[in-house]
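All chains are identified by letter, namely A, B, C and D, in their written order; residue positions are counted from 1 within each chain.
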Amino acid sequence: MRALAATVGAVALVFCASVPAQDKDVTQREIERYRELLAEGNPADLAEAKGEELWKTKRGPKQASLERCDLGLGAGVVKGAYARLPRWFADTDRVQDLESRLVTCMVTLQGFTEDEAKKNPFSAPGRGSPIEDIATYVAGASKGMKFAPPLEHPKELEAFRTGEELFYRRAGPHDFSCATCHGDNGKRIRLQDLPKLTDPKEAQKVFTTWPAYRVSQGSVRTMQHRLYDCYWQMRHPQLDYVSEASIDLQVFMAKYASGGTVEAPGLKR
Amino acid sequence: MPDPMRIRANMAGDKVEVRVLMAHEMETGLRKDASGKPVPAHFIQNVSVDHDGKTVLSAQWGTSISKNPFLHFRFKGGKPGDKIKITWVDNKGETRSDEATIAAAS
Amino acid sequence: MDRREALKAGGGTGVIALALAAGILKPEDVFAADWNKAAFDTKSFADTVKALGGGGSSESDQILMTTPDIAENGAVVPVTVESRLPGTRRIAILIEKNPNTLSADFTLPEGTDPFVTTRVKMAETSNVYALVQSGGKFYHAAKEIKVTIGGCGG
Amino acid sequence: MRSAALFVACAALVAGCTTPPPENDARREAQAAFERSFTHGNKEMFARVVGQDDVQALCSRYRNRPPADVAERIQKSQAATIVYPADGKLMGDWRQGEKIAEDGFGLRFTDTNQPNRPNGGNCYACHQLAPHEVSYGTLGPSLYRFGRTRGSGEAIQRYVYGKVYNSEAFTACSGMPRFGLHQVLTPEQIRHVVALLLDPESPVNK
């Protein structure tokens, strides 16, 4: 009992006497200026243009383009489609995000196998990723529109509940969950602001900026990559591309982001 | 075949404002790939911008220009509807030229 | 016809591309001529000035640099240089602590503003110089840019 | 007195006191979805994340806000895991501690290609420490001048060593990794971190 009391005392000592952060405002102002200076030319435009070209290009065993792909608003409708994803699709009877839906179209329209379609999801230096460019193009075609995924079908609601559990699921050698970094307001990791993803104001600002050009990676990155990269940092094994968990988590976040404006493609650190 | 550039050229007062993004890896030659092998340098060395038969900007670049290079500058003497042509050449001899039409003030 | 003339005459790379395709020119021949290898190999501010043809350079408050004080990522650091020195026809960007100092050398003919924005890579926190040639002389301005560890670090 | 109060608190929260909140469909489905979503990676890494220990499971279920009795229980069980060095030496070299605090290497799936490189602690990701490092996070409290007000006596050394070893012993459902328990850092490395925080010569305390 005495040891416990000592412990409690020590904890109080640690957390009550923290020193205010030094020069925080100066550093943060400069980082904001850095981001403003970058904003006048977003290299994601290059991926967007390439993606539009690829959308219209006949590819795969069936030598077909993606121009008949149904992204939720009917075959071939690109404009506004991203603002209504993720959603449940009758033909697959699954909730799908943009990238998972692109895989479906590459399989059904172009004749790729599912493995082929999922093989090269993220570009690397010297190796482009068509699906990354196409996702950037499709997302960009909803730019300025209100983000309003339906989130009413029973499978969408189920995906939300699963996503919520996954968001708080702590595991691995570091005990991390998504909520470790994205569960509170006003936090940052190193100099990077961390949005509280269950706060609509913050979720609306960030969720709709993906895909985004990441200067640290020299490439456009999609939401699938964002999640893959988070799990990498969380000391988990690699998250499967367009896996259930990746989509359920997006449904969970999309609910809080609803009502925001699509600002894709973004530009980030 | 290298990917196309994205060129924006528009009037700002009596000047033409040009912003261009080029798709290029800009490898320094110092980076190693996943297997530890050095990746050879591959970067744009020369850029030129032409308008009406005249070069309005030329540049020599080294390996420390960022990947997917961005360039912004202004010149006098252009008008809406005129074409500008931008060309780059890299150290492996690859080259790309793209044209853009000057737009009215945005 | 040297390469620069070829570029002008062809209004692009058409002529060179043809010459390359025909095997008349090897890539090295074409590019070596117009790319100042000696300058791009230099490893200090003074050596770069020399390699670009200057006997030295004096500091000038008529050269304005717009850069962040802190770059969130060294791979992409935006740099704007604007010169108020009369007759500015050349702007170069130098990064002191990079493996090679010279980053870019712009030629700006009459009619083009003495102004340029580009983005450079920085290996570490360093002084960045804007070097300007005006009336046959070289002038410079300098600014220290801090490169930080961004994101989750490590 | 304290035990009596605890007992009352427990009684008031019977469900939460002795057993975790019951399983439900969403959690079962989430576990199943999780297991179907990490199928292509490193098998050993998967084995480390597919299950949860008590702390991870409870903190997940309570969304990191456990009721007082559960928090008490977590802290007690975790305090028992802390192993202090047998030689009693708790302070190492702050210079090495600084390197560990800057380094985020280790245990990510791409880190396996450098098997001989020690893990880092990446303290700066979440804490302010030495003032020269402006790139610090705020997920945890600022530790700038931590040792100035607390000195570097044995009690505070034991506290810091223990906190780095197993943070859950002090604050249940803390976001801080249990660096010692999970062998992310070696006892030697933890000593260096203790020195970084407490050594009067450390830049943290300048």
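Heads up, the rule we're going with is that a residue touches a chain if its C-beta (ideal position, glycine included) is under 8 Å from a C-beta of that chain, and two chains touch if they have at least 3 such contacts.
These numbers were taken from a predicted model, which means no experiment stands behind them.
J.: In how few steps can one go from chain A to chain B if every step must land on a touching chain?
T.: 1
J.: When you take the mean of every protein CA atom shown, which chain's own CA mean is nearest to it?
T.: A
J.: Per the centroid of Cα atoms for each chain, what is the distance between chain B and chain D, given in Å?
T.: About 49 Å separates the centre of chain B from that of chain D.
J.: If you average the Cα atoms of chain B and of chain C to get two centres, how far apart are those centres in Å?
T.: 13
J.: Measuring centre to centre with CA averages, how many angstrom lie between chain A and chain C?
T.: 37
J.: Touching at least two other chains at once: which residues of chain A meet that condition?
T.: In chain A, 27, 40, 189-192, 215, 218, 233 touch at least two other chains.
J.: Can you list the chain B residues in contact with two or more other chains?
T.: Each of 66-67, 70, 72 in chain B touches at least two other chains.
J.: Quick check on chain C: which residues sit in contact with 2+ other chains?
T.: 70, 75-76, 78, 80, 117, 119, 148-150, 152-153
J.: Determine which chains touch and list them pairwise.
T.: Once each pair is checked, the touching ones are A-B, A-C, A-D, B-C, C-D.
J.: Please output the residues of chain C touching chain A within their complex, sorted ascending.
T.: Checking each residue of chain C against chain A gives 66-73, 75-76, 78, 80, 117, 119, 148-153.
J.: Which positions of chain D touch chain A when the two form their complex?
T.: By the definition above, chain D touches chain A via 2-3, 25-27, 29-30, 33-34, 36-42, 45-46, 48-52, 55-56, 59-61, 63-64, 75-76, 79, 107-110, 124-126, 128, 131, 134-139, 141-145, 149-150, 155-156, 159, 163, 168-171, 175, 177-178, 182-184.
J.: List the residues on chain B that touch chain C in their complex, please.
T.: Its residues touching chain C are 15, 26, 28, 30, 45-46, 48, 50, 53-67, 69-77, 85, 87, 89, 91-93, 95-97.
J.: List the residues on chain A that touch chain D in their complex, please.
T.: 1, 3-7, 10-11, 13-15, 17-23, 27, 158, 161-162, 164-166, 168-177, 179-181, 183, 186-192, 194, 231-233, 235-240, 243-246, 248
J.: Can you name the residues of chain B that touch chain A in the complex?
T.: Chain B reaches chain A through residues 3-4, 6, 19, 21, 23, 25, 27, 31, 33, 39, 66-68, 70, 72.
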